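What follows is chain A paired twice: with chain B in the first complex and chain C in the second.
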Partner chain A sequence: MVLSQFRFVEVGRVAYISYGPDAGKLAVIVDVIDQNRALVDGPCSGVSRKQMNFKALELTSIVMKIPRGLRPGNLRKAWEKQEVQKKWDSTTWAQKIANKKKRAQLTDFDRFKLMKAKQARNRLINVEFGKLRKTVKRPAPRLRKKKSVKK
Partner chain B sequence: MGPKAETKAAKPKAAAAKPAAKKQTQARLVKKTIGGDKNGGHRLVRKTRMSRYYPTEDKPRKLRSRKTAFSKHKHSLRSSITPGTVLILVAGRHKGKRVVFLKQLDSGLLLVTGPFHLNGCPLRRINQIYTIATKTKLDISGVKLPERLNDKYFNRKQLKKPRHTEGEIFDTKKEVYTVSDERKEDQVAVDKQILDVIRKNKEKKLLFGYLGSMFSLGSRQYPHKMVF
Partner chain C sequence: RVPALYQMKIFAPDKCTAKSRFWYFVSQLKKMKKTQGEILQCKEMYEKHPLVIKNVGIWLRYVSRSGIHNMYREYRDLTSAGAVTQCYRDMGARHRARASTIQIIRVEEVAASKTRRPNIKQFHNSKIRFPLTHRLNRKLHKPRFTTSRPHLTF
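Let's look at the complex of A and B:
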């Protein structure tokens, strides 16, 4: 177990709020209150400064360089300077969330178009796969000995 | 003092009422000549006869019923359904098909068409409760529907029931429903316009495929969570 494989709760750790009224928003851990709670603030994401239980926070890989207890105004400046939103958007986690949202908003016609697009793509894939298959030398198929009735 | 004054007041009133009443009754009487000797030659007869029956009890009054006849119903239309909307039919002969909504008829039923070439659904009426309205809309503002497309046009025709005669009980042919020529005419006229609208659309190829295909639900597809 290497310590670097963990994401730690620390001042400046950006967290994704997983449930509650602010679900889906990003916030920074500004201070740790006790074993279960953190002081959390998300000036650019619409989260007011508040205490939150760690259970509701999912730690991201983004850490901001901020001093403990940084006030909202300066926190906002730091957020924008350190381009937290940009870093977040480029993570696969954020992209997955965005895709899920998109899928949920697809209309019936969109789903039909998606189905047709998938079919077209799979046809292309299968054609290429077929070509690759032909290049591989395959052993001759084993013939089963048929028990023939001799007259 | 009280009662005497009342009767005095009542009397002239009654007297005044009588001649007025007499005038009215006289209008109600009709002179009718009668034949025969020595009987006056005519009678004053009431114009309208008196009733032969007077009920001894009051007629029971019917309570006001909240039920209204279907023809007097108010018909609303879901805001998601506008002319040109693609609807998914969920029940009936054409269930699963995606059809184009044309207009709401007076009875409240929706007039739709396949178009017939794409999915076999003709000009037809359906109730909006058996439809799912999708977000896909065609611009039907330029489409002119024939005047005669109304509820009467779509009413079911009574097919003649075969008459059973002595020896032909098993041979009698049932009268089968055949599509009338005017239906075919109207179908072609309307569909032509709608197909033109689809052709002008950017996604015409996919739209043709879309209207020709059937709707189905797969696993983990929950209608209450889906956007149509």
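Let's look at the complex of A and C:
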């Protein structure tokens, strides 16, 4: 994998916190402490400014344009101005998380509705598939040439 | 006659250990024992700016298997207490020095230009930027068995 394909830890990189008390929240890397830790802040997502190990951070594709060590008040302004929440919500990652959450909160009736919806969709797909299958010309069965044993 | 008053900055996990270490150091430095003196105050000193990253220089003295040595080490941390904790862990890892054999002489915040260690200086870059390569999969048991190889490059 080429270096340019990685997401970089840099000032302004928005990260998703994967575990710990703030799991599931977004935060910005405000400064890098050392090889393992960053100073992280998420004023609009309820993460107070703190140090976090990179192991708990999953880097997103969003990078904010902020100076190093930006104060929380100004960081909040920059977050809202650069529409970080909107950018995050439009990513597939965020949508997958939202879907998972929705699925976990389904009631039995919702699951029934889901089952019926899936059934209806699959029926439509199968009907089309059947039509396609009929139109394909069946190739003539190939005669197998038996290898003659040379005496 | 006013008795002498001494103040020390002790790095310890709790008040009890702090008082004990106070007497340990004071006896070494002055002719005073726990029975001859009295601790007037033992209070926790909090970091003035716990959200500002500092380069902390630590001067210490430790006993190795073959002698006593002085050291100067640098750490990057938000608090001096955090840096001292890092120091103890680091000394244990690199020199197998146990906490009882380490004496912290001096802890000081060092300006970035005055730091001496290259592994600290490498973080003095306003446009610091690095990837997290080869992210290990620590969830070995979730799932324990799987048919797909773990995804390590993000």
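The definition used in the following text is that the second predicted complex is superposed on the first by the 138 of 151 C-alpha atoms of A that agree within 3 Å, B and C clash if a C-alpha of one lies under 4 Å from a C-alpha of the other, contacts with A are read in each partner's own complex, and residues count from 1 in each chain.
One rule holds for everything that comes next: a contact is a pair of C-beta atoms (placed from the backbone, for glycine too) under 8 Å apart; a residue touches a chain by one contact, two chains touch by 3 or more.
This is a predicted model, so every value here is computed, not measured.
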For the overlay on chain A, clash or fit between chain B and chain C?
-> fit
Check whether A:R49 is in contact with chain B, with chain C, with both or with neither, and answer first, second, both or neither.
-> second
Superposed model, chain A: greater residue contact from chain B or chain C = C
So, does A:A23 touch the first partner chain B, the second partner chain C, both, or neither?
-> neither
After superposition on the shared chain, which partner residues are touched by A:A120: those of chain B (first), chain C (second), both, or neither?
-> neither
After lining up the shared chain so the two structures overlap, which partner does A:Q105 touch, if you call chain B first and chain C second: first, second, both or neither?
-> first
Three-chain overlay, closest Cα atoms of chain B and chain C, distance in Å | 13
Of all residues in chain A, which touch chain B in the complex?
-> 104-109, 112-113, 116
Residue positions on chain A within touch of chain C in the complex are 1, 3, 5-11, 31-34, 39, 49-51, 54-55, 58-59, 68-69
Which bits of chain B are touching chain A when the two form their complex?
-> 86, 88, 98, 132, 134-136, 203, 206-207, 209-210, 213, 215, 225-228
Provide the residue numbers of chain C that touch chain A in the complex, in ascending order.
-> 51-53, 75-78, 123, 126-133, 138, 153-154
